[in-house]
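Shared between the two complexes below is chain A, which pairs with chain B and chain C, respectively.
Coming up: the complex of A and B.
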């Protein structure tokens, strides 16, 4: 996958989560092609986008990471990842991260992308199936646990 | 006290924005979950300021802006969206949006935007 497509998502994830929750995200290595299904860390949120190309952003994190983000943004401790407010906050996080990333892509590459509403899935080891779409994963570490960013573009993002 | 209508499909944004507005001396007079509700509530409540999201079910924010402006050309509308590319900003400006803000937001961003429109 073209690095110009996945880089904005990495930068937006780091910037937005730092701005909103003061949680630092450290990349562990490089983006790798995702060839197998993903076994979730516990809290996963997915947002799709469409324009001249189609794709999606998956943020997958350990519940402790999600809890810290929710606590920092809402100012209250919510540890039940099935709580509606908890899930709503994680969905909004992905909306903001995805929105920032596609803003960068639209400004730089004129893709005319628009976001759909995000979805949230909770449960450790939930399998996230990767259909026939090119996707890349960056494994990350925070002070509160692990996180991964998976980005997919249909036909690798070619118009 | 200026009265504000919030139009956003995220209850989280409603809660966070309401807190910011109330602690800065504004009254939230209505909470709409989509553009259509926003247009209907605007006509009923006649707020001083509208905060409008873009991506929403039923009716998107830009369509709602168009209808509100047709009803009241003097309506003061602040777009508050996760997206903010130049093309989108231009489209919003063309429809009469007063200020375009990108999420996330804080007190300063919200209060500064309001001070530009009232």
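Coming up: the complex of A and C.
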């Protein structure tokens, strides 16, 4: 996958989460092609987009990372990742990150992308798959636990 | 959310299921989803962008998923939800949503709606939110088992 496609998502994720929740995200290595289904760390949020190309941004994190973000943003401690406010907050986070990233992409590459609504999932042994579409993952570490960023583009982002 | 946005999705499930040779697709009650729990282990979710924005998800038990996929593949037995099976599930979600979008275009205010790529989620005791606004849940009883359609549109 072209680095110009995935870099904006990485930057937006880091910038927005730092701005909103003061949580620092450290990349572990390089973006790798995701050849298998993703086994969720606990809380997964996805937002899809369409324009000249189609794709999806998935942020997947350990519940402790999500709890910290929720705590910083809402100023209240919610530790139940099944709580509607908790989940809504994480979905909204992805909406903000996704919105920022596609604005960068639209400015640089005139893709005319628009976001669908964000969705968030939590559960036991959750597996997430995006059939027939290329995706690329960056594993990250925060002070509160692991997080991964997975970016998918139909046909690798070619028009 | 106006019911006129809901009917196209339900008609479309019925239409597609009938094309695959299922006979019974009965609509249960439409309810507002207060509880985020999904009582099913397999979910296909598709996003919508345009004059209708949001997500629609189709949830079924693993058994129901296998039965539907098997019919889609001309009766080939489906032992597990492997890559091929998941690809078929995403195609199923694409077909339903595509047909629903064609039906939606009959609504005066709707000029353009585009679907986004489906994602497949499976696991146990899944909780989900698919829209910042209200989600409607509709149970469909079919001869393959129950399908729970969740419609979450920002309108």
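We take it that the second predicted complex is superposed on the first by the 158 of 159 C-alpha atoms of A that agree within 3 Å, B and C clash if a C-alpha of one lies under 4 Å from a C-alpha of the other, contacts with A are read in each partner's own complex, and residues count from 1 in each chain.
We adopt the following convention: a residue touches a chain if its C-beta (ideal position, glycine included) is under 8 Å from a C-beta of that chain, and two chains touch if they have at least 3 such contacts.
Please read these numbers as outputs of a predicted model, since none were measured by experiment.
Once the two complexes are overlaid on the shared chain, A:117 sits against chain B and chain C alike.
Of the two partner chains, chain C is the only one touched by A:46; chain B is not.
Contacts of A:88 after superposition: both chain B and chain C are touched.
Residue by residue along chain A, chain B and chain C are tallied for touches, and C comes out ahead.
By the touch criterion defined above, A:107 reaches chain B but does not reach chain C. Contact with neither chain B nor chain C is seen for A:35 once the two complexes are overlaid on the shared chain.
By the document's definition of touching, of the two partners only chain B reaches A:20; chain C does not. Legend: residue contacts after superposition of the two complexes on their common chain; A:128 is shown touching chain C, with no touch to chain B. Applying the stated contact rule after C-alpha superposition, one finds that A:55 touches chain C and leaves chain B untouched. The residues of chain A shared by its contacts with chain B and with chain C are 88, 91-92, 95, 114-117.
Interface residues of chain C facing chain A in the complex, by the touch rule stated above, are 36-37, 43, 45, 47-50, 53-55, 57, 83, 86-87, 89-90, 114-132, 152, 154. Listing the residues of chain A that touch chain B in their complex gives 16, 19-20, 73-74, 85, 88-89, 91-92, 95-96, 98-100, 102-103, 106-107, 110, 112, 114-117.
Per the touch definition, chain B reaches chain A in the complex via residues 9-13, 15-16, 55, 57, 81-88, 102-104.
Against chain C, in their complex, chain A makes its touches with residues 37, 40, 44, 46-50, 54-56, 58, 81-82, 84, 87-88, 91-92, 95, 114-133, 152, 154.
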